[in-house]
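Just below sit the structures, each encoded as structure tokens.
Next, two complexes with chain A in common: one pairs it with chain B, the other with chain C.
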Partner chain A sequence: MLSGRQVKQPATLRALVYSARFRGIVYQVAVVVGVLALGWYLVHNTLANLAARGIATGFGFMGQEAGFDIGEGLIAYSAADTYLRALVVGVLNTLKVAVLGIALASLLGLVVGIARLSRNWLVARLATFYVETVRNVPLLLQLFVWYGIVTALPGPRQALDLGLGVFISNRGLKVPVPEWHDSYWPVLVLLAAAFIGLFVLRRWAINRLYRTGRPFPWLSVGLAGLVVLPWLGLVLVGAPLVWSIPELKGFNFQGGADLSPEFAALLAGLTVYTASFIAEIVRSGILAVPHGQTEAALSLGLSRAKTLRLVVLPQALRVIVPPLTSQYLNLLKNSSLAVAIGYPDLVSVANTAINQTGQAVEGVALTMAVFLVISLALSLLMNWYNAKVALVSR
Partner chain B sequence: MIKPEDDIHNALAAADVEEPSQAVAPANSVWKPLSWAKSNLFDSVPNALLTLLALLLLWETVPPLLSWGLFNATWSVADGTAAACRDGTGACWALMGEKNRLMLFGVYPYDQHWRPLLATAIVIAMLATSALRRFWLPALGYAWLGAVVVVAWLMWGGFLGLTYVETAQWGGLPLTLGLALLGIVLAFPLSIVLALGRRSNLPAIKAICTGYIELVRGVPLVSVLFMASVMFPLFLPEGVTIDKLLRALAGMTLFTAAYLAEAVRGGLQAIPRGQEEAADALGLSYWRKMRLIVLPQALRLVIPPIVNQFISCFKDTSLVTIVGLYDLLAATKAALADPEWRPFFVEGYVAAALVYWCFCFFMSRYSQWLERELATGTRR
Partner chain C sequence: MKAFKACAIAAALAVTSMPAWAGPTVDAVKAKGFVQCGVNLGLYGFSAPDDKGNWSGLDVDACRAVAAALFGDASKVKYTPLSAQQRLPALQSGEIDLLARNTTWTLSRDTANGLNFTVTNYYDGQGFMVPTKLGVKAAKDLNGATVCVLPGTTTEQNLADWFRANKMTYKPVVIEKNEELASAFIAGRCDVYTSDASQLAAIRANEMPNPADYVILPELISKEPLAVAVRHGDDQWLDVVRWSLYAMIAAEEKGVTMANVDQMAASSPDPEIKRLLGVTAGNGKALGLDEAWAKTIIKQVGNYGESFDRNVGQGSKLKIARGQNALYTQGGLMYAPPFK
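For the complex of A and B:
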């Protein structure tokens, strides 16, 4: 047993130096020490610099009075509120534009992506033109153009009347909204009930389809319920639907809801830009489904619409969802360009705070942390959805 | 290759059947556009409706755009003011004649504009040369080295008869091109290290690299640039200052490296495991294995993604506007700040957009071509 004895050789220094395990540990220790040393050096310099300039450190400033106004927000805010509240207003504004942008960009992207594959030559060419033009121009430039267009519109007195009480002027878009009335509660409850009913109905219909093979048009029935139930509620409570309609009083509009010019420009820019990328993703996803699938579905007697809905789209989604996730994340991150056109998103509020307090480190770190958390939450959500649509294999 | 028609002819000949007469030849060529339109635009009712809708859209947009941009446009002004443009109803392309220098070169000293112009021309010529596979030779590397020295001399000056121009005065297209190119070139080595680190077996190194990549990819470029412009001065020892341009470049590089690392990782993952095992069996060390076996194969695969990354890097350089550098977009914005020409901002932005578009469009076409070109080795 010569070999056995060789293995049991005492560990000499030479053997230790040449063992991959030992070397691995040495490398890792070296890198970790190096990173820590760099970090310590930077922190040390930063603290020394901050002390030299008399700038406070820590997050104590969050409780102080902010002292600046914010143009718009989802929650009440005044200049007397704290920095913390100002930053929350910024986060909510970021979320507002990101959520609306994602919804609109998905819709537009889906339409353009399908249009690019249309058998109609003219429609396909128009969609290609849109994608190739928009994709190759920086978003910031597009935002400047959108913002320029919105602010170059005529003032409120000469506002463009789009009918139905919708006005566009350089103060933004004004739309009528129903006025809140306490008797609307039952209507809201019915609306929620219709939503829940839609999901229950879907589950029941799919179950029945699997059990008996008989389909049920759950989508049309459910959507009809979604419209009819709240309307029924309105009739039952006898509440007169009162609309708050924008009206020109003096120099500006009163009543109605409005979209500020900054918000409108940012939303338009983000939607149009991201949609051109989503369109390409949708197109490649649909092209990735072998044509035999469509032919097989048609030969089974499924209609074109059903082929698309039941055969092509579920398979295309598997290809579409992962890159779509990164486009959603891009839209969220690109919403930070708001700072360039003055929409008070998180980055622009944090910037104002940095300029006032001088606490750049905390401000930038906070911004990055919030974006990381939102990004992470969004990608978790999309990964969950991806796992749902992914191919179930052994 | 045998065409299906040949097959039919052969089959017909073999079966000794008379070929169909030419009486049922394709329709008269005059009808071709019409039959094409019928099969491509009007083959069903919904399709015809779509076509009509698209035509309506074109009818509503194209003639007004043409009359604005071409027929009613003001192409030049004699007196250097925008009076003629304000009187006209069309686009004011005279803006380009008055402001093109400012838009292209920013606040670079006016009488020295030939220098950035020449530098930009050299860089574009070098890029065009490097794009062709025929020139992928060691000599190209030396040519780039020479070009970089000449371009740096042209931009900075300070010796051999050129006056010194500080970086704060650089601007316009040269700045945009330079930031994008240097950003991607400097980010490349860093991205290889990060990608290798992320695939490493050593947990601490893997954690550090993964953490860096995910952290940077999770935050917007704007906040990275803010960090670079506000925090970098704080990071350095007292008394050491860092140039504004250099700070933005560092921010761009750190940002691009994280995205590029993911592209490189994709290439690394595509290399069969057997290649690494064979290198191990030959007794190569980790670095030699990577340098001689894995990276040459992996990097060839990631050239198209790198070009795509370069395109987004090129577009992203416009964000340095926000931290106060005069790139092409900021220079355009500055040119439009003149109240005289302010009403004609659309024309200014359209011109800048056209420059960006040309670069990005040709690069994306190039990346598609390259992908096909590089695949010839592995395609059967």
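For the complex of A and C:
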């Protein structure tokens, strides 16, 4: 007995009751049943109470005309469209700010994280000051500050003219954009080809480096292709490039593309706030790489920049990626603070829809479901990336 | 068998002994000793707390009138400040007993959202406020403008409807909080601020650094009957709230004021005033209230005209004219059914 060896017992009820495995199963089943029963009760109770008060339920409202306008969006939308389309505009706006925010916050965070470890006293202190100030002030307040800054710019009639048709005012940043013409399709195809070419070139260059030891400046060549090829396409097509230039008409600028103050403030707020956390994650990741690695790389004759890029950062990524995922998810969820400064994200659009239709339960459930799906997808992507950068033992 | 019979009789009694109008709200409110009233987060003239936390306003007076009718004490109210989005769920869920929060009476709210509207205590309409320096004279000049608007109200939809109907375009800036929206407007983020005209007057008087720099355009683009609402399914409570508010209107029509109500009750020969003030009994019993319910309302809250003047009219900073909110005898829409 003392050896802990299992003794075979007859399958009686008594034995079953004393079996740890059986009891474990019973507890688990009980918990699952309990949770399901609670869930069923909550749903049933809500539906019963809604019905008792004569409040309509269901998602039927999604097909009705929304009847309200949205300030900006990635797809065409008017008040005559459905609630469904309005919500899609909101989801896309959320994605737009989240994707750009994640990209910019990562870049800024990386730079600041490295700067905190700099041997330059001033650079390191400035980075520390930034991190400690920004991450200790609530994001909502920071958003109000950013929004205050962008709306304190002069009005459209006194807009700052930056030349080349670029204007800054409290209505946002206006830039000229090429007007679309159907003959431009080949240009887009060439642009896509240049992108794919960039990645093919990179593969080839790395392969060659391993094979022959001779490096190839793939990045500069690739970027040059990215710029030159579309222009070449334009010349080939022979279509003149027509620019839509912002012009002050009536109350505001017409034409061109714009970056709204709400979007700019939200993007700046989310980026600067999240980057302060990412900087600390990057710093901890770099510090987790033994100093011997740096010394070894330097003694091999690698420059400091190359040591960082080729030796330290790849190993640091193993430590960085898991907490980085949490920061990305935080940024996505924090984007719902948009409602405070008037950026029409999903929460803002859903709020309006809820109030017009009175379908609060459905609207909130829908918003939660969308955030959950986006978060899980982001999580999945980051886990895949984490597995990719994880230490592979051979 | 005996037990079954007893049960059947008990069940029959339980059903038949319930009066047709009985509702749980009046009893629940009486039991807890105060009226839980949903009001605006802070809209000067309608419902706003002062620096000591005392609420006042036209909507607040509606809450106070109901408390006066029920308890004989207008101060027995607890206020729940609500945002535009919170207000309907708060009433639906039973968090509040009545909603006096400048809420527009619409068909969908009256039906699908499970509300019953009692009395319109302010007839409003959506208007536009613009900086004087823009030189805009009429709403039709607003094509291409950027418009500041609060979310979650009929305002957003009216705005879209009106611009669509007039084949004009605009850009909305939708911000949830009154103060943030007002500061965006002051900073010049928008050319136009749209809201109910009463709110525009309140915002101009209170939030703008210099009220004279802003003009409220003459056009109103919507009908906004702001009414006090209760939940579906409780007729007695509906009656109490409705007649408490009508009592204030009827009192104004009959010239009964805070100052003269006692004297009127003692000596007025007018049978309508006698019925209103409970000198001739009957109305109180019908509502399940004390016979002096209406007299208490007028004594503690005042008649509708007094409440209007004190909160939004000439006696206030807003100085809004009576307009549609005058008595029907003076060309307005305020009209109380007979108290008999």
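Some observations on this one:
Throughout what follows, the second predicted complex is superposed on the first by the 358 of 394 C-alpha atoms of A that agree within 3 Å, B and C clash if a C-alpha of one lies under 4 Å from a C-alpha of the other, contacts with A are read in each partner's own complex, and residues count from 1 in each chain.
Heads up, the rule we're going with is that a contact is a pair of C-beta atoms (placed from the backbone, for glycine too) under 8 Å apart; a residue touches a chain by one contact, two chains touch by 3 or more.
Bear in mind the structure is a predicted one, so any value in this text is a computation, not a measurement.
Of the two partner chains placed by superposition, only chain B is touched by A:V35; chain C is not.
After overlaying the two complexes on the shared chain, residue contacts for A:G67 are found with chain C alone; chain B is out of touch. After overlaying the two complexes on the shared chain, residue contacts for A:A52 are found with chain B and with chain C alike. Legend: residue contacts after superposition of the two complexes on their common chain; A:S19 is shown touching neither chain B nor chain C.
Looking at the shared chain after the overlay, A:N120 reaches chain B, while chain C stays out of its contact range.
Of the two partner chains placed by the overlay, chain B and chain C both lie in contact with A:I354.
Using the contact criterion defined above for the overlaid structures, shared-chain residue A:G155 touches chain C, although it does not reach chain B.
In the superposition on chain A, A:V339 contacts both chain B and chain C. Comparing chain B with chain C, the partner in contact with more residues of chain A is B. Applying the stated contact rule after C-alpha superposition, one finds that A:R171 touches chain C and leaves chain B untouched.
For the contact definition in use here, the residues of chain A common to its chain B contact set and its chain C contact set are 50, 52, 144, 148, 152, 339-340, 351, 354, 360. Within the complex, the chain A residues that touch chain B are 24, 27-29, 31-32, 35, 42, 45-46, 48-50, 52, 118-123, 126, 132-133, 135-142, 144-145, 148-149, 152, 329, 333-337, 339-340, 347, 351, 354, 360-361, 364, 367-368, 371-372, 375-376.
The residues of chain C lying in touch with chain A in their complex are 84-85, 88-89, 92, 108-109, 111-114, 134, 142-146, 151-154, 156-157, 159-161, 163-164, 170-177, 180-181, 183-184, 187-189, 191, 231-233. Across the complex, chain A meets chain C through its residues 50, 52-56, 67-71, 79-80, 144, 147-148, 151-152, 155, 170-171, 249-252, 254, 261-262, 339-342, 344, 348, 351-352, 354-358, 360. Put simply, chain B touches chain A in their complex at residues 40-41, 43, 47, 50-51, 54-55, 57-58, 201-205, 208, 215, 218-223, 226-227, 230-231, 233-238, 311, 315-316, 318-319, 321-322, 329, 333, 343, 345-346, 349, 352-353, 356-357, 360-361, 364.
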